[in-house]
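Dropping the structures in below, format is structure tokens.
Next come two complexes built around subunit A: one with subunit B, the other with subunit C.
For the complex of A and B:
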């Protein structure tokens, strides 16, 4: 109870205007108290830490900010020097650095370009801070490992991920420049999102009742391929073109045509659909040389 | 709650909508109160503990009322805590008065206002006979509605009074042509001998209230469904229907269904363990909480990390002698 009273007293705001002498003296004392509190917060680094955390929240705009903050501060504890009694001079081991880099790149959605790029920089720095070598850097092995972890099992069809990784991998001993690093990580995230979208598309196609009709799926995939295919995406007009090809009317026509063909109705499984759809995406990924 | 528009909100609005600053400010003031311990403990770790306890809903235990009611999440956490702490009352079939329930509430939140408890009791007891006994579940569900939707219910009460007095509620602006018709139709209702107000008109007002309100409202679809069965209704009838509606309880998400209110095998097991322990000991509990092995924060944040266990055995005595808070147990409930 006593502790509670103390807390209440501390939580009560300082009186704004004293009416009597005693009152104003007390207000003065309270103001001094507030002064030292602010000083304490500044000196102990609380102010900076809170500001940093709020910026991260604003960048990422998580659905559940409280959970996000809990995780954020937990990472901060784990990564702070001296955590777990280790010597501060020793750089964190490889697994920790990888986990931390992974956390950074997942902090903000890639559509928040600035935030995403910032976090990407942090991840790159974090991976390259190995300390043992004079010139730090990210090598191909570390980079590939990070990419593999981003495409965690189950998020996208396995062989499609493998095909993508083959395209954007570097050799184990090669140094990976930041541009390549950024490109690789971003591509992986886009693949994951593409897979999720393709999954939703399949849900629509199967109408919530079992496997979808193969002819319809095929028609949708063909339209998708057509829209993506043979176009050079460096020219902005191509985006419009692709968009119009995927418009509801074109798509509906294609699906309608597919259904009118007199073929035996066979089902296409979700796995197969996802595999084919994501393969289309991977085919468009430019390999790094 | 899945709302992509959060990505396009201006920063301050997003923070306000999710009550981020409420928690951040509270965290900092808690930190200031414990500042002696912080140096050895670590600021980041303090924040981690704080936000984890907010996430788990244990953060409202023994806090002041202004904080307990500050956010919908806090309210839901408080309801859940109340249920978990005192469910044995219901399990044993004990009936308590409003005053006694209020004492239980005050064990969790010392400055909990009596007015709220009384309002909740009035939902169960229909105005008169305020010293009647109530079952735990009746009180709990009425209390849930009254506490969680407190601001909403206040506005509804005002609307109801306006409708009853025959004026169209001035708080409501319905920009459709039908509202004009209703206004014209209103005066005859005035002298109607029937109880209450016309349901459809009442619902229209509620719907527009929910659209505008910045406070939590029950989902309009459920309210509509709930009101659809009756032609006319009274305010107390409305409150009772809200309290008894399982769908609204589910949408609120703090408590289980009425049937599952006393089902909690894990808790029962723990209670049994505790009874076994306590029967071996005398009532006086160990003074320090250092027994909480592997639970560093327990010492620094007593109200956050120590669930209140001993109450289950002494519920009625405790109702009179509030304020004994011994800690006996390190496990979570």
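For the complex of A and C:
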């Protein structure tokens, strides 16, 4: 990246000068034809850059490609001056590396496994590249900080995030293997998505009018907990079992039963619902040891 | 249908035949004396021990030159004399009575081939016919009768599987109930996310050996 930044800087004045005295130079370029255009693109590193960007788009398959590309190029510009050119000998500072790693891990959704794992590898490399220390590698401090940053802007309740982090973060001095790194980052992303889903579920439950009924919420959460808990990990039939338990029929029955229990109606706030739902998820996360 | 099924694996499952006593084939004879006419009919009677009754699922036997088979059963009834009912009529065992084909095959007759109900049967009578004069002696051998499978197939199923649609359909759901379809969609996606975490667990370990924050110095090593 540093190399083509330099080349770009060198090539930049040419078009600017083209308006005035560069007429003859431009005519010459035109005479040399298409070959030169391709050559220029190659020299300026545009070909490689655009190809890389296209690959990233293909990997991540974002819903809004324009926004994704804009973000991608913005990051490229931001990260280039610090990392590139004469500063190459000196690695970027901790905040930059963290920001860059964060950007990498957010590029692709975790369901695009290959892309996600590739980006994870890039992020891991990015974090572990440190000139000052002799041995490269990600330590627990960096890893935990990255996890905190991933979760920070999310809608997940604070103490649930804290509970999750307690399970998956490492101590400052510990060396973090890539597999643990991948698992930790993935878990954070899935928690964010789970929270979003729980939010949508709450919207459905409250019917668009005010807070949802506590009994109904409890019934739905209990059904989910039941489906999560009863299943034995090794048996494929549990997928069927969970599907049957979480089908519309069973859920309707559970909710109906909950509503008929007693007449007193108490509301459950969105925060409380999210807290309870995400706690179910965190309980299923295997702690790192 | 029927055919050459091995005697060891009728239906492919290990199950025990019903205990029963079959009399030897009695040939129908016309006239007496030294040289009675043989019209080519023989009868085998079969009873269950201690006058008991049984439900029939399958009858397995090996043919010995019988061309046609009829089966009659006597069923237990609460009142009146027990009646014989024909449950199989002239079932063809040998396609051509004069030739060997089918003459020594194994046959299975199933409940659904019977003309009448074969529950609570107290006696079974097999009527064998062989119109060809080529075969002087004919019978059926290795006769075995199997009851319906004791184990109800439903017993193996978890309750949720046999009730994919809940038995008690709520007559009128509460009016304010949220849309179960939407709720189900969201909850299932939440379940899937939890499964993602379970399926993609980390195989590596940090390798902590500390107990209450204290390490044994011998366990520390560079990785």
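Just so we're on the same page, the second predicted complex is superposed on the first by the 243 of 289 C-alpha atoms of A that agree within 3 Å, B and C clash if a C-alpha of one lies under 4 Å from a C-alpha of the other, contacts with A are read in each partner's own complex, and residues count from 1 in each chain.
The definition used in the following text is that a contact is a pair of C-beta atoms (placed from the backbone, for glycine too) under 8 Å apart; a residue touches a chain by one contact, two chains touch by 3 or more.
Worth saying up front: this structure is predicted, and the values here are computed from it rather than measured.
Contacts of A:42 after superposition on the shared chain: neither subunit B nor subunit C is touched. Contacts of A:58 after superposition: subunit B is touched, whereas subunit C is not reached. By the document's definition of touching, of the two partners only subunit C reaches A:285; subunit B does not.
In the superposition on chain A, A:50 makes contact with subunit B only, while subunit C stays out of contact range. Between subunit B and subunit C, more residues of subunit A are touched by C.
Once chain A of one complex is fitted onto chain A of the other, the partner contacts of A:205 are limited to subunit C, with no touch recorded for subunit B. After overlaying the two complexes on the shared chain, residue contacts for A:186 are found with subunit C alone; subunit B is out of touch. Contacts of A:248 after superposition: subunit C is touched, whereas subunit B is not reached. When both complexes are overlaid on chain A, the residue A:129 reaches neither subunit B nor subunit C. In the superposition on chain A, A:110 makes contact with subunit C only, while subunit B stays out of contact range. Annotation: subunit A has no residue touching subunit B in one complex and subunit C in the other.
Of all residues in subunit A, only 110, 170, 174-180, 182-184, 186-187, 190, 193-194, 197-198, 200-201, 204-207, 212-213, 216, 220, 223-224, 227-228, 233, 237, 240-253, 255-256, 259-260, 277, 280-281, 284-286, 288-289 touch subunit C in the complex they form. Contact residues on subunit A toward subunit B in their complex (touch as defined above): 1, 3-4, 6-8, 10-11, 37, 40-41, 44-46, 49-50, 53-54, 57-58, 61, 63, 65-67, 69-70, 73-74, 76-77, 80, 109, 111-112. Chain contact summary for the complex, subunit C toward subunit A: residues 158, 160-161, 164-166, 168, 170, 173-174, 176-184, 186-191, 193-194, 196-198, 200-206, 208, 223. Taken in their complex, subunit B has these residues touching subunit A: 1-3, 6-7, 9, 11, 14-15, 18, 20, 23-24, 28-29, 31-33, 35, 38-39, 42-45, 47-48, 51-52, 54-55, 62, 64, 73, 110, 302, 323, 325.
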